[in-house]
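Next come two complexes, and both contain subunit A; in the first it sits with subunit B, in the second with subunit C.
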Partner chain A sequence: MRKLKIKRYIDNSNVSRFRFWIQIISFFIFVYGGYFFIEIASRLPIFSCPYVQGSPGGCYLIGVQHELNTTWESMLSFRGLGILTSLGIFLLFFIFLNKAWCGFVCPLGTLQDWITKLRKFLGFSFTRYDEMSFKRLKSIKYILLVLLILIPLGIRNSFFGIHVPHGMHTPFCQICPARIILPLFTGDTSQIFIDFTDTTTIIMTSLGMMIAALFLVGSFVKKRFFCFFCPMSALQYIFSKISLLRMTKDGDKCTRCGNCYRVCDVGIREIADDIISKNIVKDDCMLCVKCVEACPEDDCLKISFAGMPIFNASQEGFFKRYTGSSLTEYIKSIEPNKENENESK
Partner chain B sequence: MKVNKDRYERMKKTGSIHYAMEIKKNLAEITDDFPDNPQSMEYFYKRFEEYTIGNLHEGKKVIASMCVHVPLELIYATGGTPVRICAGAYATDQIGAEFLPAKTCPMVKSTLGAVYLDILPGNIKPELIVNPTTCDQKKKMGEIADEIDKPFFTLEVPPTKDSEEARQYWNRVVKKFVKKLEQTTGTKLTRRRLKKAIKTVAKAQAVYRRFDQIRRSAPVIYGKDAILVTNSYFFDDIENWTIQVEKLNQELEERIKNKQTVGKANSPRILLTGSPSIFPNMKLPLLIEKLGGIVVNEEFCSTSRMIWDTVAVDEWFLYDMVPAVADRYLKPSTCPNFTPNTDRERKLLRDIKDFQVDGVIYQTFTGCQLYDMESRRIGKILEDNGTQTLYIESDYNPDDFGQLTTRLEAFLDSLKNKK
Partner chain C sequence: MALFLIQSIYAQEIIWLSNTPPASMKDNVRASGMHRLSALKKGDTKKKKVYKTNADSTKKFKRKKKKSSYSSYGAVTNYVQWIRKGNSIQKPAYICIDDSTDYQLKLISPTGNEEKIELVKSKNCYLKFELNEEGYYNAYLIIKKAIGDTLYINIAKAELLSHSCRNGHHKKLEARPVMHYPEITEFEIIRERHPWEDFHYFSSSGEKESYKAFYKDKVAENVKITLYTEKGWSKTMHTDKNGKVNVQFLQDYFSKWQELNKRKIHYYMLAAEYTVQDTNEYKGKTYPYVHYTLTMSDGYRPARTMYTSMVWGLIVFLTVTIVSIAGIFIYKERRKKPYKELKFDEH
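Up next, the complex of A and B:
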């Protein structure tokens, strides 16, 4: 039963606070890193938007859209190799952090968390999707992902005689809120515009503006509003199983108390109700590990890397985080009062 | 039932005398018939000595409750002091029998009797008596209570807990309950008060979980004492309770170090489940332990089910705290009132493993349909798990003592032989 000291220390720790700082650092790197000559890679599994001047890296989605803007024939040639290599680079990054890229690194994700902080500061309540809407809306990100692959292909190739106009190159970027919002952090407002070149560009850029506005409003009322629709999240999930970073659940230990579901920013019900699956990373999960922090059953939820346990749910950790003190400290603090009270009786 | 004043006074007088005698006798059995009780248990024994004579929580607004589904945090946060009044006395059971059919659950009858005669733990005078609709008997008891003119409040517990609909329904019920509490105590629920209440209860839970952990690791305390500890959570001041359980924990850890265990090496480790043993009805645990078994865990609504589960809040504002508290009193509950109730069997299997249980004793009170009906399914699951189970139907009447002894003896012997 005795745990290693270091393990106990980690399990008792407040990962959310740690995450908060990591997010700030990451945000800084991914928005301003370029100014400091930081170069990371252009195939990152997050919205590291190249439209941001200071961006030290690139979002894999823009790569995908560019690379697929090609004909079937050339895809079978060396260009195909290029597509595979960049997928390989994407996976290489992804294998290490799994969806924790979303929880810890993605600047757009971080931005949503900050908007949530603002809402809390103002004392407004949040909303949640009810079960039905959750199920219905869930598929949008996959639809976006499929479109994001098919549309560029449709520019150079024809699907049943339909040709996609050239104005639809990198279609997702055109509607992605990151393109409009993230450059603002470097003082660049140039993305706030409507491109009047042709009808396609007018429609796409206006749509982009609308989505950006929706992003701001949406994430104010609902935590991680955009992530729920994010095609990157969909793409990541396809590969989630091969990652070294894992979150697992021991259903036998679960009381289905729902603590984990309550704190989950994206509202994943299975985290509490699924007592069968071992791998409990669902498609909307961002591995923020808030659920592990909120789980009061020893070793019920676990984060591990390549089989090594990193952070486990624990009773002791739960009570420490949620009550802000250890039991001994608490008893010391109430005991004198109580003794007086009991004596005066 | 309107009785004339004289008759009521007579009933109250004899009822109280029987009640006091019963408590004294049963407490003596718990304390005197066993050697070497932990010193820190003195505090808890004393609580029960004062059961009939004290004036508990004087000057405070007491909110009485009858079930584990009553959110304590909300009572504390609206300036009330919760006391659970589910009763275990045969004396008041007989009084309750005047109102309810003879085959009604003794716990319900006994509680009703106690409410009727105003002989509640520590002579509390509740401002409100919260009656959750968990079983039919309680529901109907609630109706009678109106007749006897007591301040009852019906807390509508849904019949299922898995569906989103049930959860929403319950959330609204809890909100209504908050309103009722605010009216009763005259104190508004505030963010600060609720946060403090959640934390105070969480500390009690933390200390209880340590106690539980100790019981898993070594048999250093008898179940009859452990049941008293959890039973006193019904009515004790929660901070005092926390301090005292911590003291007990420390003493028990010393005992583990000194290898000062109770029972013998081959004493069968028993898990109790089913209808709850509530003081002074300690018939079953006492008998088991006198016959050489050790009760290592109780899956009762008067014990672990009441304290174990925690409240987690994401945003410390009323809009998230109140639903969080509501969820805690619904989602993890293993009360047989819910259907499906698979969580109960999973909990039992988990406990059997964690507490290295040799045999399960399943207690059903005569008239308790829910536990009775669930016993077959649970029995089958335990059998598949290779756990021997003894099924016992009993009530508060001490008459079945002889018959119980024979059956328990046989069961414990067979467990010993297997060890």
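Up next, the complex of A and C:
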């Protein structure tokens, strides 16, 4: 009975508010944590941008690019074990978090949510990609993921007799907007530059500046603009199937009202259209749980951890969150007042 | 081929430890780690042999592993430093020490432990050691010689930062403790660390560095310190009452920007001279004067401002911002459907 009460309380709660605070705490830890928790990176896998002065650790993507900047021979030696170890730690982190990393923890994602809030405050309208563009653009993150693996490998090894110039040592970090924007929160402007060392560095650093500008403008008109192109999102999705944190859908209960699609920041159409798949976590999903909150059908969308339900869609929760009252109270409030009706008669 | 002169060290001579290999050894040496310390290539070839065939690997796995924090990554790296004489950095005089010279070698780890360092006298002559901990190691070559009533002590010191990114950066702030060891040498100079220094720190031209002189664990005033740069410039300074001298490394070369190598290390050498009237016993004889000559060499890289531009960064950033805002505005405007009044003819 008590269990049911707790579950009902959670299902009726406002997860978005909880997420808002988690995002603020995570942002603080990832940007300023180094000033307080100097040794945190040795204890936990920390995915903050290492270009931030107060960063308590490093993003896995810089680690993987560094590690792959090696010869095949070296990779097949004990060094390969190091690469596998860091991949293992990365996996361990995502077995627990799955793509909720993007929705709850990622500082760059948080920043995009804040920009969206600013846009709403200023009263500008947002845009969505049409279906065709959505399908075409979503492959970019996979292309970037493949490149960030192949380019560092191509520095030390030759591909068909071609060596990649050393100026592209951490190719994704050079173009990642986090490298330029997150240090600004600690007052560090040193990442705003063009490196004129050689043609490669000129191109890479210019691309970095361009993408940082597009990030800010894009996030202003499109919710979670950059997440759509983020190779970290692609890498996580590859291992999403083995995660303990899952989002499932019961297609039989779905009425295809489209609420879930309308609230989705990324604009995943399948969340509303797909009534066959059970696992509904798609590659662009960031497990922000907004769709579960917006679903008015009991147990249609479910968040579970290792098979244990955490947060389920419920009619009662839906009304509480969107009207601030329970379903019966809401019906009462919209019913015409009988006393007034009698008086008028 | 560089000539290694095996010779006695004369008093007051400038003897220093250098990271730059002689021409004859350039092919046998590689630059290792963030600080491009010279390391013998031999360790790498061993590693390659180990994992080539199964039979080989079985044999090599039985080999007693050396206790090392890098052991999981394979072969142990042998780092090297060369002994050089004189104050010219560009025209190297690599030397070796003969057996008649009274010399002492010391290597102190970041945690204060004494580690093995040896003088290898083969075709080439160098100091060989391993750096197994993360942080600053201090290497010393101490040569003593008595002439008349003065004891001459030559100390060639090197502060060597050992760091590999693969070991993580969880102790990055521990890279900077300043260490001096009065039990090894009574007179010593240290480079003071900046508060922002971490394992990736490297001096660059235009940056100010301060050096502090100590004698018997107390700051030493009025110590004569001369800085020699790669291009042959030199400057003599004296330590203040806090035992400090401040040095600003100026760029003393100018190349076309296309030819600028941002990773090129420009070496410099500091030579400090200090004479004290203090009784000192050496080989059973007491000397009323001790003359110290201490050298320390390190390098600096070109200033970041030489090859990066914030202004151009901002220009690119602002241009893309303005163009994309304009593009979005035009796109949105063009998608707006003009108001059309439809009139139905009901008649």
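One rule holds in what follows: the second predicted complex is superposed on the first by the 315 of 345 C-alpha atoms of A that agree within 3 Å, B and C clash if a C-alpha of one lies under 4 Å from a C-alpha of the other, contacts with A are read in each partner's own complex, and residues count from 1 in each chain.
FYI, a contact is a pair of C-beta atoms (placed from the backbone, for glycine too) under 8 Å apart; a residue touches a chain by one contact, two chains touch by 3 or more.
Because the structure is a prediction, the values reported are computed rather than measured.
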**OP:** Check whether A:7 is in contact with subunit B, with subunit C, with both or with neither, and answer first, second, both or neither.
**Re:** neither
Original post:
Touch check for A:323: first (subunit B), second (subunit C), both, or neither?
Top reply: first
**OP:** Could you tell me if A:169 is touching subunit B, subunit C, both of them or neither one (first, second, both, neither)?
**Re:** neither
**OP:** For A:315, decide between first (touching subunit B), second (touching subunit C), both and neither.
**Re:** first
Subject >> First, second, both or neither for A:275, with subunit B first and subunit C second >> reply: first
Original post:
Which partner does A:258 contact after superposing on A: first (subunit B), second (subunit C), both, neither?
Top reply: first
Subject >> Touching residues on subunit A, where the partner in the complex is subunit B >> reply: 1, 120, 123, 125-126, 130-131, 252-253, 255-260, 262-263, 272-273, 275, 290, 294, 296, 315, 318-319, 322-324, 327, 330-331, 334-335, 338, 342
Original post:
Any idea which subunit C residues touch subunit A in the complex?
Top reply: 47-48, 50-51, 72-74, 165-166, 168-173, 196, 257-258, 260, 262, 304, 307-310, 312-314, 316-321, 324-325, 328, 332
**OP:** Would you pull the subunit A residues touching subunit C in the complex into a rising list?
**Re:** 38-39, 41-42, 50, 53, 57-58, 66-67, 73, 76-79, 81-82, 127, 189-190, 192-198, 205-206, 209-210, 212-214, 216-218, 221
Subject >> Parts of subunit B lying in touch with subunit A, wherever the complex brings them together >> reply: 162, 164, 199, 202-203, 205-207, 209-210, 213, 217, 237, 239-240, 242-243, 246, 308-315, 317, 319-320, 323-324, 327-328, 331-332, 343, 346-347, 349-350
